[in-house]
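Presented sequentially are two complexes of chain A, the first with chain B as partner and the second with chain C.
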Partner chain A sequence: MAGSGSIWRRALTVGLVAGVAVLYLATVGLVLAFAERSFVTGVTSFGRVILAIPPLAAGFVIGSRAGSVNARLAAGLLAGAISGALLAVSLLFASAVDIRGVLIRVSAPLISFVAWDQDAVTGAGINLALAVGLGLVGAALRIAPRSVRMPVLAAIIGVVVMSLLERFLRPRLTELDFTDVARFLYQGGGLTVPAALITFVLVAAIAVAWSPVRSRVQRAAAGTDAGQRSTIRAVLIVLLIGALLYLPEVVGTFFSQVLVSVGLYVLLGLGLNIVVGYAGLLDLGYVAFFAVGSYLTALLTSPLSSLGLGLPFWVALPIVIVGAAVTGLLIGAPVLRLRGDYLAIVTLGFGEIARLLFLSDALKPWLGGTQGILAIPDMFGVPRIELPILGVISGPELTYYPLVLFCILAIFIAHRLKYSRTGRAWNAMREDEDVAEATGISTVNYKLLAFAMGAGIGCLGGAVFATHLESVFPGTFNIIVSITVLSIVILGGMGSIPGVVLGSLALIGLPELLREFAEFKLLVYGGVLMVMMILRPEGLLPDRARQLELHEADEEETGDDDSLAPSAPRAAEPTPEGLT
Partner chain B sequence: MRRPGRLSLVDIILWGLRIAIVVGVALGSWATLSAGRLTGAAWSDLIVGGIALGSVYALIALGYTLVYGVLLMINFAHGDVFMFGALTGFFVADGLAEAGFLDANPIIGMLIVLAIAALSSMIVAVVLERVAYRPLRRAPRLVPLITAIGASLFIANSVRGLYGEQVKAYPTLEIFAGKINIFGLEILKTRAIVIVAAVALMLALYWFVERTRTGRAMRAISEDKDTAALMGINVDRTISTTFAIGGLLAGAAGVLYAIVFTQVHWVMGFVPGIKAFTAAVLGGVGNIIGAMLGGLSLGVLESVGPFLLLSGFGVPSPNQLRDVIAFSVLVLVLIFRPYGILGRPESR
Partner chain C sequence: MSLAPTSPIPDRDAASESSDAQGILLEARGVTKRFEGLVANRDIDFDIPRHAIVSIIGPNGAGKTTFFNQLSGVFQPTSGSIVFEGVSLVGLAPHDVAELGIARTYQNIRLFQNMSVLANVMVGRHVRMAAQWYDAIIGHPKVQREEELARQRARELLDIVGVRRRYEQDLAKNLPYGDQRRLELARALASDPKLLLLDEPTAGMNPGETRQMTDLIARLRRELQLTILLIEHDMKVVMGISERITVLDYGEQIAEGTPAEIRANPRVIEAYLGKQATT
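So, the complex of A and B:
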């Protein structure tokens, strides 16, 4: 029974962690914030989904331990029970003692929500029973063969996504005269029961069908030659661009606005990706470039600014970009001899200095102080444009189309740079600065180039931002912007261009579907940074070279393990507990 | 790296910056002093205030320096550990004040507040190390830094969610009100208390690091982690201890900060955290005496600087720009003397 002693201890630990996680989610306010957001109408709300995740995950984690099926199931049950017991005890405690003075979210509504609107003792019992069940289900899911587990997980995620899309799909379907479909899918702010079931079955079926399809596609792809592959890629890119142009028509005005924010952060992310991902320079003051771009645009285009030039946007833009790149050089030049972590802090300092200066009374005559600069003209100076294919363009679409153009341009530049001589120099520099220097790469020049490129793209984002909002305020340009862009780059994967797009969609687009979430955005960004760095530092859509680089150490370690004990899996090692 | 005899673009920019700073500082101070805008008493008040603030920075800076010494990483979340202590201190002080204990035994009461705040910060720091940093010991250098930034956001926003985002005011104490006369200088009592407490803590830390076994283990690890492990030092435990001590000092600093400023809230960790880091670098990261001196000089510079350097130029509301001074010090120190006042250039 090797390891059977340890699986119980493990269950104890995992259960405790899950219990603490549940209590944290409840007391930090997430549960109550989502209590009103219906998941499947009449069945459950997102608040309950949040409460259910930790015990389920605990069971899942335990299920991956070595041991007999029964032992793993029992351990999953135990982990769930511990997590549920912790919640039950806390519920009893919170309903007996008023702790709102310290933990402000532990209010009567939260307590009655967690207790399923029953009295405390019954509620505690329900929670305990549920957590036991969830722990068991989690373990069972993990033990089940992959062919079962994957479709089930995919189906669960599919239902969650479908339910989240309510905010977007329901009004949009109604708008497009699919009222019946909208009513069938969504009611009372959540999925209807039949719609949830259909989604579940459908996604599961697709997931089951997926693996044979994938292997066939892979086989077909292996048969193609380089020329065919590049043709396929070109076709795909054209299709993608066509879809992007058509997108505002599909999603409607409100979500076009969201697309503009996502696009803006894609642009910023691409810029920071060059600095952080390619050159390996952690810039925590990226917002400074964004701010400089915005303010330069405002100064040049707004008739109310201190310069009062009132230039058209497209005349101002080249000046802004050149100005930005020069700023990048001036800021970069003195600091680029610093080591990586010091560089991060210095750029952070620059970001804060920029913000404080924009805010200060001292520069008010030029930059407008706290009032900022108003009356920045539209990008085209007219409220609507008629184009041959796209039809009438107005509102956020006026920003969207140029933004798509800028993003494509930035992606093109980033992609070309990555595989150029410059890109290889950055790569070398990031891996080992001294060696790069020794092989004849002028590290300072390449660092400056990366900084200037990042600054240019960041300023472009700032320019679009300023003309989109038609005003600039110093309060917008705080460290949070830098951290958000950094989170986007980290989540997607440092050095990965698709990663930036995915990161922006997840961190900027998704919160729009979850308005309840706004208050917890930064909490989640912080969590994302931590979890990604610990569990998957290469990001969700990793860049190949970067992935290999980050896992160099692991490979060496496993290599050592193999050479020492080729056939001794770690999990089966007898532990001290197992021996006694 | 530098090629002697050739002046690159970067060198020219650096020299331009040096000259601009010297000229700016000289002109600004001369203009202010010759105009005689502030009286001698006002200057000494600014300086004492700066020392009090600086000693709080020094306490936080010690946490940065200790951690940097053993792990070579910037614990970006340290400012939030400080914030956590200040907030926990608030709840304890508030509870004691409501029970009437704080008015009856103000000194014991405040010591209890200090102790609990320090302990809570210590727990946060140790948990942080165990959960977030330990798995990343061997990772490339930027990885733990990014984790620390994430941790900083996470702690601050957790506190916001758990305890609410409103500003909380510490209970005021009779015996802390008013001024005290030391060597003919009128000093606010709160400032005197903060300075004395901070200096006592720093002396205790110095003794701990220099004279105890654990302190010696910490110094050994900061010299060479692998060799220290070979000498039988429990590296994991010593690193935990380092975080614990840093946390204790930060928690105490939180309460002292609250005694001076009376108000605490969830974002208060960020700016003092950065400034304390500046102080640590100013004194030479990894150097304990340096962190103390760095903290004190940064506090004074930040307090006196806006008036001395800026009001001479007729800048409106110079005090708005005190953080600009602090951050400029950070940037300039890192550019021109990244090894600090007391440090020596390293070849790393």
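So, the complex of A and C:
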């Protein structure tokens, strides 16, 4: 078979890629940055986890090739060995020759970390042996039946997540008087060995138990009618909102702050999702709308601004939304005729123009130049509020609750628009602008509408941001914001509303648990986007809700979304009436 | 079974039947289109009688699709006039033309690939729907009703053109070729057009499929009271279903008449087969 010849060549390639990945992660400093972050205390650190992932993944990839079990295992082993050999040789080289002049991060601590604090030759040997083992394990995992593979993978991910949560859980548990639990779970900045074992077994057990439960739930769901389903959905939504209201209570002040950041990016993501995901207009200058929302809020509410109005936030808000929507129209109008790459470049320019305008000396009397605008009042004008059920609200919670409200509102609007005549017109425009126009859609109007809606939702984020920080500065509104929001939309899945929420949690929330990674944030974003584009261009939570929603219980889901094979034999069915 | 829609559509024939049942639906006079010195259409006079099937034929590059694009608003004629039911089409955007009741298909199928089959047809219904974005957000009851009617009509049209119901939630790009052509036709029909422009509707089809499509076009005209303008290369199709044929060559109208007249016209034979064929 052709496969047996190529599996070795494939193993060679994958092994080399894994080896280069390992070297790259080490030389940019990511490995050493995580060397101090304990994974399982006394056993290993996250630095080692990072080094272990590429050879493991290489084995896993090779395991999916066609061939006999032995050949696949051997190929996995080979891929691991190549990756390990690359690291071993580099280690020997780096310890013999000083290459810090070229690669400044290849320091003595890094070398001794990678060498397991042994001499270079022993260290190289250890790395080689480990990589061989990891390649083999990766291949074995892939070859193992799904019923084994899934629980093991879930358990590994579970342990990693549990260890990452140390940042959040340990102080929080201590605060809430569960000091013993905290001490049992975490010590020295990482999971304890028993806690790691328990997590592993527990998650694996849950994963094993999950599949029969899921099929039962699916069967039960198939038996419900549309009315029951909408009731269930309503109950779930109410529960979810209840959980959101209770969340700051659980996570404490610091993580409430994180939730505020996540919420801001959810708003921005939902707005951009309308422009990019629904209407297909690639806008790289989305930060402009965020900035306009912030500055308009600042101008209207701050007593120190040039207008000096000092309006209450809630009075200013409608004006801000209308102002931002008008800005959307102003930015949209000149780019109506542009498509694709050209549109992207011009909007990128607009984003920069917006930032420079806010920064400029010419507008300094009105917008404050580099000093920005200060003394923006709180949303409610008081430091604490007492509510019947939620109790005393203060600090970031004062921003959190209105923000949740805005997010729910934005999700509602985005959802309603998506499944309407308007949403269909946007989608049609995204698919083929000329045909959409010829089908009767005024592409000019719908483009302008998309920009105005995107701006209107994005400016909410800006308004909340301004009152939350109580000041605005032009430096905040740089291109990185545009790129981050776009990454959120792409990671979650273009046009997908749950995707935006997941994307914000992953790209804004997760880094807070991994503070070491702050320096490498953009590197990791770039990597994540590349991997997504190659492996899963439709995003993590692709937009298939419509399909499921419209499937009226008469037909079982056929599984894969590309299952429509025209040649597949289908059961006899009535001939299409129109042509007989 | 009848092809007539069950959902109410304006009964436009009640008025027209008496006055100009045999009248002219579209009238083009002296239509000329120049592209940077190249004359794609020169001084074309063209009438489409109501409820007729009219064809435009001609060798490749004769300017057939250019003429089509002027009827549907994609291009503006350099000079000349196009009047549809008393309304001048010159200066109108394509979406305005669509709203007046002219729908079209494309030579190389152009569907909204990543939308469902049903959604494709419902986009075609866009001009006959009224819900604005604010109606959708506040959830006005008329929105639901309108969506339901549109969905119903879309399903009827899929039945009429012969795309199976079970495909309606699949992405358009996953349909077999013949079904893609039929879906494009359903999308065009969804706007309740008075005039349907078909650009090579049987291109790439085998003889069986071609016959089915020809029958379907004839039935659509009969039962939906459509007027159809066809660009077609397959002479059997053209001669079989057209009442009148116009022949273009190098942008000029070289003949116009019934199929029998066109078949006997020496200039047409020359354009198609070369000069020696006539001598």
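Remarks
Quick note on the criterion: the second predicted complex is superposed on the first by the 542 of 580 C-alpha atoms of A that agree within 3 Å, B and C clash if a C-alpha of one lies under 4 Å from a C-alpha of the other, contacts with A are read in each partner's own complex, and residues count from 1 in each chain.
Please note the rule applied: a residue touches a chain if its C-beta (ideal position, glycine included) is under 8 Å from a C-beta of that chain, and two chains touch if they have at least 3 such contacts.
Just so you know, these numbers come straight off a predicted model, no measurement behind them.
In the superposed pair of complexes, A:413 makes contact with chain C only, with no contact to chain B.
In the superposition on chain A, A:344 contacts chain B only, with no contact to chain C.
By the document's definition of touching, of the two partners only chain B reaches A:527; chain C does not. Of the two partner chains, chain C is the only one that A:435 touches; chain B does not reach it.
Of the two partner chains placed around the shared chain by superposition, chain B is the only one that A:282 touches, whereas chain C remains out of contact. Of the two partner chains, chain C is the only one touched by A:425; chain B is not.
Legend: residue contacts after superposition of the two complexes on their common chain; A:122 is shown touching neither chain B nor chain C.
Among chain B and chain C, the chain that touches a larger number of residues in chain A is B. Shared contact residues on chain A (touching chain B in one structure, chain C in the other): 437, 550. On the chain A side of its complex with chain C, the touching residues are 412-413, 416-417, 420-425, 427-428, 431-432, 434-443, 449, 453, 546-547, 550-551, 555, 562, 564, 566, 570, 573, 576-579. Those residues of chain B that touch chain A in the shared complex are 1, 8-10, 13-14, 17, 73-74, 91, 132, 135-136, 138-147, 149-158, 160-164, 270, 274, 277-278, 281, 310, 315-318, 320-321, 323-324, 327-328, 330-331, 334-335, 338, 348. On chain A, the positions that touch chain B within their shared complex are 24, 27-30, 101-105, 280, 282, 284, 330, 333-342, 344-346, 348-350, 352-353, 356-357, 359-362, 364, 437, 444, 479, 483, 486, 490, 519-520, 522-523, 525-531, 533-534, 537, 549-550, 553. Of all residues in chain C, only 1, 3, 72-74, 93-95, 97-99, 103-104, 106, 110-116, 118-119, 122-124, 126-127, 129, 131-133, 135-137, 139, 143, 146-147, 159-164, 166-167, 169-171, 174-176, 187, 191, 212, 215-216 touch chain A in the complex they form.
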